Amino acid sequence: MSTTFSDVAPSSTEFLAAVAARQLVGKRRVFAGVGLPTLAVDLARRTVNPDVELVYESGICGAQPEGLAEGIADSVLVSGAAAVLSMPALFGYVLQRGHVDVGFLGAAQIDRWGSLNTSFIGDWDRPTVRLPGAGGAAEIMPNAGECIVVLRRHDPGALPAELDFCTSPSPVRAHQEDPRMVPPGHGVSTVITPMTVLRRPEKLGELEISEVHPGLTVDDVRAATGWEIAVADDVRETARPTVEEVRLLREEIDTVRLYLR
Amino acid sequence: MSTTFSDVAPSSTEFLAAVAARQLVGKRRVFAGVGLPTLAVDLARRTVNPDVELVYESGICGAQPEGLAEGIADSVLVSGAAAVLSMPALFGYVLQRGHVDVGFLGAAQIDRWGSLNTSFIGDWDRPTVRLPGAGGAAEIMPNAGECIVVLRRHDPGALPAELDFCTSPSPVRAHQEDPRMVPPGHGVSTVITPMTVLRRPEKLGELEISEVHPGLTVDDVRAATGWEIAVADDVRETARPTVEEVRLLREEIDTVRLYLR
Amino acid sequence: MAAPDKVTDLTSAVATHVRDGMTVALEGFGHLIPFAAGHEIIRQGRRDLTFCRMTPDLLADQMIAAGCVSKLVASFFASGSAGSLREVRRRVESADPAPLEVEEYSHYGMVCRYQAGAAGLPFFPLRSYAGSDLPKLNPLIRKVSDPYGGPDIYVVPPLRPDVTILHAQRADRSGNVQMWGIVGAQQEAAYAAETVIVTVEEIVEEDVVRSDPNRTVLPAHAVTAVIECPGGAHPSYTQGHYDRDNAFYREWTPISRDREAVLDWLEEWVHRVPDRAAYLDKLGAERWAGLGVAPRPSQPVDFGRRVAQEAS
Amino acid sequence: MAAPDKVTDLTSAVATHVRDGMTVALEGFGHLIPFAAGHEIIRQGRRDLTFCRMTPDLLADQMIAAGCVSKLVASFFASGSAGSLREVRRRVESADPAPLEVEEYSHYGMVCRYQAGAAGLPFFPLRSYAGSDLPKLNPLIRKVSDPYGGPDIYVVPPLRPDVTILHAQRADRSGNVQMWGIVGAQQEAAYAAETVIVTVEEIVEEDVVRSDPNRTVLPAHAVTAVIECPGGAHPSYTQGHYDRDNAFYREWTPISRDREAVLDWLEEWVHRVPDRAAYLDKLGAERWAGLGVAPRPSQPVDFGRRVAQEAS
């Protein structure tokens, strides 16, 4: 069939999910939270990677949900799963032992090294915003093979020169604390925002602009980023989702529009 | 009914098991190996302590065996048990957390402080006898509320002035290594041999002769012990097993004479 | 062998074992959240609790709003579809109506704290936190050196609640507790505690439990009190019994935004309700029926029974 | 989603994954001891293995006598009713016919080594060994200081076998392994290893496994190869399938006393027997029938199936 592209907005969940799904080519095991990552993994299974396996921090491995999961602890993920492990086993034996290839993370702030803030905006003692905190992200970042971050905003507040707080550190920050404590994982490899796809090729390197979404320029992205962001040698335009990808998301994956608004 | 006493020899399994069973008055949870301790606990349940619970290092709690168990991992202990835990949970959460009141241990050698050798007779590098080693005894000794040791021999070889090797240390030895590392458990409280019942009232004290089996004297016990053993103020003659206790052991508990030879 | 009967009612269990100023853990990772027990604590007006819960969600918002909690020990301060916890945020962001002390870890950090507590260890190591600001925020997250020559590693201290409260599918009268579906870190949270209270959907005969000893997550020796409390996890769920009340979670978001609305809700759904049975009545048969699940039984496994063998 | 098929035969699995000089763990605490796999290692003449097993018993005696093992990592050197292991003793006590290196721990020490290996930790702490001679005997048992001001605590290093081999009741073709009865430290021993081989009584359909996900001890991602090998644990047992062959254990004691008798036994029961099926034939239907157990099924539990809910 000839591929026809959809015109959904680059800021739409459909667009972000489709771009995220394409990052999963060749990956075996993904550690994902609820929401967009779930859509991306489900879409990847139906398109680029039928064998990709999802592991949830609730302990569920090899889920075969009969319905769309609302949350990582949804009973539909348990019924018919291949395994439900205790959290000591999931975090210790599966994640920390290195069985997870890709971790999907969100964040309120990300810096040039791919360190994440999910804890506080403003002062730690009396924050202007108390964010949800570390959750499992502080474990996923060092122990997953690589992490993909999806941001709903792209502005200097979300991509600042300095984080208000570092919840889940890049290997760069681990290296600064102690070169011998650099974790096994690469840290953030890819950041998907409403404007661009950033990549971090070097484990101890910086993020760089790799793809720019249709209708935007490298300068637009630069202007919206809180630091002098690097630019890859060969910046491409981000491939739009196909009509089929959008159809799958809307008509087969999230039929009740739980995450697609 | 009027209690009549049996004339089984003090060296017999029946005698030792009956004496051991009486030590379990008021104890809740016993960590026991196979053989004589199993007989003792089973007898205690039918006489002095119907509620005593047995925990096996194989992970079994609340066993209700339909037959006599041959080994701590016997399938009859599993079928109908209240719980089967993993060994990390059994050793970590049950034993090390302090849920075991009494541990039953055997040994090739015991010293005046109640330290045990189950590893080597002779030189460590080229032993004259390679014994079974630590097993779970090195965990039971520090973590059980107290330990009861049953010895099949009583001579200066089994009760020497110096152990050839200390596998499972008394709190006294832990205290010698570091006073702050003294474990929560009392260590050995009672030693039952073919000649005597020794007790160790003080956590950091020595064993002393508390009961002497019928037909023997304190001097007999002293002569058979490898150090100048202390004597309690009020040494009693060990009460013989009752005819009923012996009947229970032979006709209800070990009907196939697995441990009673 | 007659094991002691540990069955009691929730009012007595909370009155007997949960006292002001205690450290209390209510666990359940999105599943088997002990809401009924939490509401009983609110009803009995406990104060100054150090509340331990990996994922403080609606239950934390409610207990904090009710004034039971002076300190929170946790690793994620939000509630999936219900969004952020406004009561928690009001207190942390603007001490409104009062400040709330927070001791913060990551999920695995909390799991490791429970593991250390359960195993009687002075600390538990984990490969997180290198380069993170969390150890600066929480000085209880420390480092030890590796005696085998590797790099330093972070450790967390044991968490030893005075009381841990859990919900499960079933238990026998002596307190052998069985749960399935997501079991989280409940075994560790229970063994870490001095006292363990478990509400269950049903008290079953001993042979039900003993037909499947591997299903027992907490043996009787680890359990202090057992309460039959059907629906005790609502609005969260109990695998195989009833589903999560997702609508309820969504309804909480607007309530949580307004402290008065939260207090009104507590008055209506907790203080004016004597127990969980009354709460379910008030919820209504129709709504409850809407949370029902169709049967999906596990296939039995065989534990076998000894056939007399020659002891040759 | 089509998971890869990991079913193979024991000969290929051992030939592919077990090589001379490797560190190999065969675990199973009195239950589910992978005898068939051990015999296949003997048949293929592996040498210089570091053999890890908490309780080296008949299987260790046999593999050591066969010359497969140069080093033993263990915590208890005897076999319940079979008494002491004479082959092990000959080598340790008089280097007859060759010395055997032994690295010795306590049971929990071995469990903690597997836990550290499984969790990718540099060490694991335990409250044993204070005052013991074991740390003098084994310098890998070390101490760390408590950063919270408590006393020092002993630690053991991770055990990371090249290959861990287990036996279980059942698995599906993709390698989700389920076991019940005594599970020992098998989950840890498997996650600690690079490669995991599991022999099972039966390969079952995926939906059998998925009807009870809490029963899965090893998810497919932790398993390299699965082999259907009925009777693979004899003379030890498989809960619900067949009982321990106690007579066989007793018969071993006199054999073990005489090295020639051991070698003759290996020739007859291992080298001249192509596989486990042939071994069971040789054992005879009558003896095998004598190990049978009567059914004692677990009572099923309900995992529930979602009934469509309004996503209001």
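Should a chain be cited, it is by its letter among A, B, C and D, assigned in written order, with residues numbered from 1 in that chain.
Here is the rule we go by: contacts are C-beta pairs under 8 Å (C-beta built on N, C-alpha and C of every residue); 3 or more make two chains touch, one makes a residue touch a chain.
Predicted, not measured: the structure shown is a model, and the values here were computed from it.
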Skipping subunit D entirely, trace which chains still reach each other through touch and list those groups. one piece
Identity of the chain that, by mean CA position, is farthest from subunit D: A
Higher C-beta contact count, B-D or A-D? B-D
Averaged over CA atoms, how far is the centre of subunit A from the centre of subunit C? Could you give it in whole Å? 29
If you average the CA atoms of subunit A and of subunit D, how many Å lie between those two points? 39
How many angstrom lie between the CA centroids of subunit C and subunit D, rounded to a whole number? 35
Where in subunit D do residues touch two or more of the other chains? 115, 120-121, 126-127, 150-151, 180-181, 183, 187-188, 211, 214, 239, 243, 246, 293, 296, 303-306, 311
Can you tell me which residues of subunit A touch two or more of the remaining chains? 60, 70, 75, 78-80, 84, 92, 96, 143
So which chains actually touch one another? I want all the pairs, not just one. A-C, A-D, B-C, B-D, C-D
Can you check the complex and tell me which residues of subunit C touch subunit D? 120-127, 142-148, 150-151, 153, 155, 157, 169, 178, 180-181, 183, 208, 211-212, 214-215, 239-241, 243, 246-247, 250, 290-307, 309-312
Subunit A residues touching subunit D in their complex are 28-29, 45, 50-53, 55, 60-62, 64, 66-67, 70, 75-76, 78-85, 89, 92-94, 96-99, 143, 184, 256-258
Which residues of subunit C touch subunit A in the complex? 29-31, 55, 74-78, 80-81, 84, 88-89, 92-95, 104-109, 111, 115, 126-134, 137, 150-152, 180-185, 187-188, 237, 239, 243-244, 246, 293, 296
Considering only the defined contacts, which subunit B positions touch subunit D in the complex? 34, 57-60, 70-75, 78-80, 84, 86-88, 91-92, 95-96, 115, 119, 124, 126-139, 142-143, 165-178, 180-183
Interface residues, subunit C side, partner subunit B - complex: 1-4, 115, 118-121, 172, 174, 176, 187-188, 191, 206-207, 209-211, 213-214, 216, 218-222, 303-306, 308, 311
